[in-house]
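Please find one structure pasted underneath; my questions will follow.
Chain IDs A, B, C and D follow the sequence of writing; residue 1 opens each chain.
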Amino acid sequence: MPGEIVELRGHIVDSLLLPKVLDEITGRGGVFELEELRIGRRRTDPSHARIRVEADDPDLLEEILTRIQEHGAELVDTEDVHLAPAPGDGVFPDRFYVTSNHPCSVRVAGRYIPVSPVRMDCAVVVDAGASTARAVRFAGVRQGDPVVVGHRGVRVRPVQRDVRRADHFEFMASETSAEKPKGVVIRAIAAAMRETRDAGQKVLLVAGPAVVHTGAVPHVVRLIEAGYVQVLFSGNALAVHDVERAWYGTSLGIDVEHGRPVEAGHQHHLHAINRVRALGGIHAAVETGALTTGLMHACVRRNVEFLLAGSVRDDGPLPDVIVDMVHAQREMGLRVEGVGFALMVATMLHSIAAGNLLPASCRIACVDINPAVVTKLADRGSFHAIGLVTDVEPFFHELLTVLEA
Amino acid sequence: MPGEIVELRGHIVDSLLLPKVLDEITGRGGVFELEELRIGRRRTDPSHARIRVEADDPDLLEEILTRIQEHGAELVDTEDVHLAPAPGDGVFPDRFYVTSNHPCSVRVAGRYIPVSPVRMDCAVVVDAGASTARAVRFAGVRQGDPVVVGHRGVRVRPVQRDVRRADHFEFMASETSAEKPKGVVIRAIAAAMRETRDAGQKVLLVAGPAVVHTGAVPHVVRLIEAGYVQVLFSGNALAVHDVERAWYGTSLGIDVEHGRPVEAGHQHHLHAINRVRALGGIHAAVETGALTTGLMHACVRRNVEFLLAGSVRDDGPLPDVIVDMVHAQREMGLRVEGVGFALMVATMLHSIAAGNLLPASCRIACVDINPAVVTKLADRGSFHAIGLVTDVEPFFHELLTVLEA
Amino acid sequence: MPGEIVELRGHIVDSLLLPKVLDEITGRGGVFELEELRIGRRRTDPSHARIRVEADDPDLLEEILTRIQEHGAELVDTEDVHLAPAPGDGVFPDRFYVTSNHPCSVRVAGRYIPVSPVRMDCAVVVDAGASTARAVRFAGVRQGDPVVVGHRGVRVRPVQRDVRRADHFEFMASETSAEKPKGVVIRAIAAAMRETRDAGQKVLLVAGPAVVHTGAVPHVVRLIEAGYVQVLFSGNALAVHDVERAWYGTSLGIDVEHGRPVEAGHQHHLHAINRVRALGGIHAAVETGALTTGLMHACVRRNVEFLLAGSVRDDGPLPDVIVDMVHAQREMGLRVEGVGFALMVATMLHSIAAGNLLPASCRIACVDINPAVVTKLADRGSFHAIGLVTDVEPFFHELLTVLEA
Amino acid sequence: MPGEIVELRGHIVDSLLLPKVLDEITGRGGVFELEELRIGRRRTDPSHARIRVEADDPDLLEEILTRIQEHGAELVDTEDVHLAPAPGDGVFPDRFYVTSNHPCSVRVAGRYIPVSPVRMDCAVVVDAGASTARAVRFAGVRQGDPVVVGHRGVRVRPVQRDVRRADHFEFMASETSAEKPKGVVIRAIAAAMRETRDAGQKVLLVAGPAVVHTGAVPHVVRLIEAGYVQVLFSGNALAVHDVERAWYGTSLGIDVEHGRPVEAGHQHHLHAINRVRALGGIHAAVETGALTTGLMHACVRRNVEFLLAGSVRDDGPLPDVIVDMVHAQREMGLRVEGVGFALMVATMLHSIAAGNLLPASCRIACVDINPAVVTKLADRGSFHAIGLVTDVEPFFHELLTVLEA
């Protein structure tokens, strides 16, 4: 009966890696023998397992090994990665290895090289000479690049629950109840933002236009001014509504202060776009003194990098919007480097786009009034994503209160 | 061709009564002649229409007249109501007239008697001797009571937009956009609550257990203490969670302050119920000094009438809960008298129950994080119901801030 | 350092009991020693763990033991349950043990007696003489009854994943993705219904009025006629809409066939209620020949036990509705005996009420178009509940197609 | 007191144009005199109103006239449109007139020229020489183009309820209740599709990836084969999932037939993309015989024009996806010409994009399981949009059943 020996290390019991691995083995019809199992007696003690995996035939064994590798199981007897040349620009070879958002390394000439960046849904291009391995998306591969195929020689180290920190954020993230007290979650988010800032890492805000509709702009401006946001990902609509509000006091033609539709209010939207286009963009609008308030103004003034990605439903768009999606993804990929915390508010589109680029170790908080959106975004199979179903404006108001306390 | 002449009065254009009446006539295949139409030139000027309605046969004419009556069309040549005796206790005669939540009168001996209370889904029992007409539910009718049948002699006066007041509340209510700025809506609610209190009318709060889960209890306690709530409708769960929080600091076993599940926390819920049962009820719990904080405590201390209606999913229930639904409805019916404003928060069940008892003229605000619930509750075909999709705790926080300003 | 030895048995790895127990111990600050761990090599092999638990002080140790007991950990050195007399009718003693929906036994005079029925949120009343132990709700306890207090001598056996069966239902239930193919889930539900019927167990249908609104009545009637439903739990609304549809062809005044509001259609609802009241109830309406079609008719004709529990929002209600909630819960408790499968469709209220009464081992499927309802209902921490987000009428249509194939 | 005379024509009462106009006048503080009002006595008779509008000052009068113009009020004494040159490429002059999705004409040299296409959120560029007027988006304007500014000389003819047809579709569209029987709505959609096909107009299908997830592909393929779809708007995800399903039998790694996650299933998604990229696109995949089944295959085989617009969350994307959003919008604008019916299913992004391009007269049906999406999409202030909250697969199944009957 064909078999292999694999090992698992770390917090493999409370991060549920061991049960998942054993379940994959038996669920697919294999058998295992726990050759060794040492389980830490305290939260912070690491565990170790040495498991012999057997299956009726080599194909099934291979399938099982592929699956459990994703949960951190590592072959004791392994070999170098297999490589194949990319058959064309933007095309990977057959059976290319697809990355997850967990750290992985590839064995080249007997040594493990870390794959960088940690990013899901990429292939791995190896430069054996320089001993580097890059995770690349389709657009980044060139004909002939040596690409990892199959799973041999690939080692995955799943992000585990950080039991030493045992902080609020991790705790909140691991709980799923929709009915946990929201004040506690907001305090956990605030703490994560402070830690991120203090650690010199970047906070990424991914935000939808409801930030403007609900009247949260003044809160977000204060967050920016207090240095809690370094990068903003959004789309055309947020910026347009923000500028419309700054210039006309309306959002989609509704008076933000009084709630009344105003004369020709529905035209403000397009007139605001037109004016920014005439000025040449948001930076120009601020620098010429035309735009003196609002969220985008604060970004320009405080050097928050903002990236506005277009969509097919955009009006305008503003000149600042990147209308080419491949270009936008590449730019977003560059800007997530150094991000330690991502706050995603009221936009499924941009949040998923950002989530695709972030490693599993990056802490994430997803806030939306629609529980289905929160569930979808926060469900990353990691201990570092937290969801909060609440309203946008009061969320920012409370977050600011906690941060300024 | 059979025909009748009807009249319409009031703000029949901007309350859309005239278009609805004409639409009903032509939509069902009738024809009309506008014998007279006087439309007010300013918002506050009343209008008047005199319409000849014709149809191919008397049945169709009758059908049309029945329908347009609901929109306020009144027969010029009318007659007394038709009455039939109730065939048994709790049973109405065939073809009994079903009331709406708009004021109506019935013609008895040539004179119009107002039907009281204004309540939907009732029959009308006439006491010709006393010249009174009561709207009664099934449980309230006794064998032999004279009940109105058919629609002859019934006059409906639909509640119209109060254009003189033209206040924020009416404006907000008539707008349907989910994206109106929430601060404006909350200010309109606050203004309505102040007006109601100043007018010596009662404010009814209908609230679900999310008031406790989300941490809104302290806000509601302050509303109560400031005299903004006179009646509370809720169920067993709100009271149990409130008492659990007061005694154990948890809500369904989750620490409200820290968000952590506590030892045996899931048992607090049942232990809290047991303790109130042992004490004999909420009033006793307050009077014996056992319960010293929370929402129910505030109600007892400030003489807010609370009515807890049972449901089939209740744990316990507390001794204060009315477990007989017919009894609960009757008690609720008595307590809505004098209510000028109803604030319905985070409970569809109790809100619909309350809504069934309130006249169309009573101002209502429905607040829920689920847009489907708000749509269902606020859609009463009246100019006096306003919906707000937001989170419970921040809503009360902001409402309190506005009211205390 | 105070310590105790506990044991765990069964599929403790893939049912995640072992990780949960170890996590509770270390998460609360205790330490453990795995004195023995034997893990089954195949899916169907049971595992066994013997764990020494230690904590800094006896109180913490006690807390930890209470918690891990719920996950099946059993003290090796144990003692008889502690009993205290109920201080009054409907009141339990302080610190009464609260049951879960997993099977438990209590040790009396050295022997373990099973507690019956398996029902959550009850206390346990022991009859030492008869060697029986009953789970009773508040309404069922009488002054002086001996009630279990604390957790000593209580043994819980959590329902584990039935790995031998490894059927579709279990598989579907353990997956959480909202995007699993619905046809597969419906086939799993159909298989569970067939197995339940073939095993001579009862199928419980818990259904809301959307069954009528969406036009699913003919499908449900065929399910009933094919013997797939033995018990129906619902409320007044389902029955009223069904009867209205049977007599007038409308549901809330909308023509079910053509979608047009009909003349005085909104009155059909109340006229239907009135007619059933006049006839004396649904059984009388069928037996007198007045009601000849529809869901309720099918229940009467096919001897499906139906239980209609009232609510405070009911119109009428029909004479068949149990308006006393304590009475309704007691009756529901009697009727769930022998239920092997519960299908809950489009009603949160009645589904939660039924769910409170069912043991964790009973298979449950929850179907609703609102994902939040499905999440809430299907999330019972068991391997036997499955959720499906879909529309009611097509669900029954497809279910019927599969069952009739 | 400054005043003007305006006229309204058509079904101004039951299309609610007259009440809206009078409400705008009085709501903004103006007064009116109904100089003439002729209301049609039957459904199909047109009405006519001649209204004198007065306001305290010329600015207010101007504001009122601008607003009521949108509801079809037309100045009796008017003048030619005012024109101003575009100050730059992609920039309109200040105060440019913003189009709605209702037909409008502009008066040039005393004659009214229709603006084409009928499209919202555009400016109007006039070619006086050729007597043409084009609605252009920002990207379409060149420096110096003469653009309409202000509202003088613009005539709007709002789409009115087509009372002659009085068909099911219009009826369904004008009703808002979420509880209308779905079968009736589906029959109305089927009828509209048949009429559109019979009239030689195009049916546009706008579809999200849930079409594949829910297993609806075979139904849509049959719709395409029966000639019911001429244009498909979607994104990368629909096509990728469809191809993944065709090649691997999975959708996002879940076996569509059996619901089980398959070996390396999550990699199928990216391997499918890679293979289409290697082949050069969907057309090439079909023509080379690599792709032989599924939705995209049917589109290629049956010459359905498909337009896949990119988004920032795309994996890949496929070579067929237009990644430049301005380009995508322009292409979509070309393809909506001749569309008589648009069926929008399970995608808010692409549906809004399409809705922005369609005239108010185009019949639209929006189908989604999320009521908030349906409300947002169907709420176009027109009598030609219908919403349906249901599940995707059963919807197409039932639609097909009706169409094939």
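The criterion applied here is as follows: a residue touches a chain if its C-beta (ideal position, glycine included) is under 8 Å from a C-beta of that chain, and two chains touch if they have at least 3 such contacts.
What you see is a predicted model, and the numbers here were worked out from it, not measured in a lab.
Asks: Quick check for the class: compute each chain's Cα centroid; which one is farthest from the centroid of chain D?
Replies: Of all the other chains, the one whose centre lies farthest from chain D is C.
Asks: If you tally the C-beta contacts for C-D and for A-D, which one comes out higher?
Replies: The greater number of contacts lies at A-D.
Asks: Please tell me the distance, in whole Å, between the geometric centres of chain B and chain D computed from their C-alpha atoms.
Replies: The answer is 38 Å.
Asks: For chain C and chain D, let me know how many angstrom lie between their CA-based centres, rounded off.
Replies: 46
Asks: Roughly how many whole angstrom separate the Cα centroids of chain A and chain D?
Replies: Chain centres of chain A and chain D, defined by C-alpha means, are spaced 34 Å apart.
Asks: Can you tell me which residues of chain B touch two or more of the remaining chains?
Replies: Counting only residues that touch two or more other chains, chain B contributes 372.
Asks: Could you list, by residue number, the parts of chain B that touch chain D in their complex?
Replies: 13-14, 16, 18-19, 22-23, 26-27, 31-34, 37, 39, 41-43, 163, 178, 371-372, 375
Asks: In their complex, what parts of chain D are in touch with chain A?
Replies: Of all residues in chain D, those touching chain A are 63, 66-67, 87-88, 90-92, 94-96, 98, 121, 138, 235, 263-264, 266-267, 270-271, 273-274, 277-278, 309-317, 323-326, 328-329, 332, 349-350, 352-353, 356, 370, 372.
Asks: Which residues of chain C touch chain D in their complex?
Replies: 168, 171-172, 175, 177, 179-185, 188, 213-215, 251-252, 254-261, 369, 389-391, 393-395, 397-398
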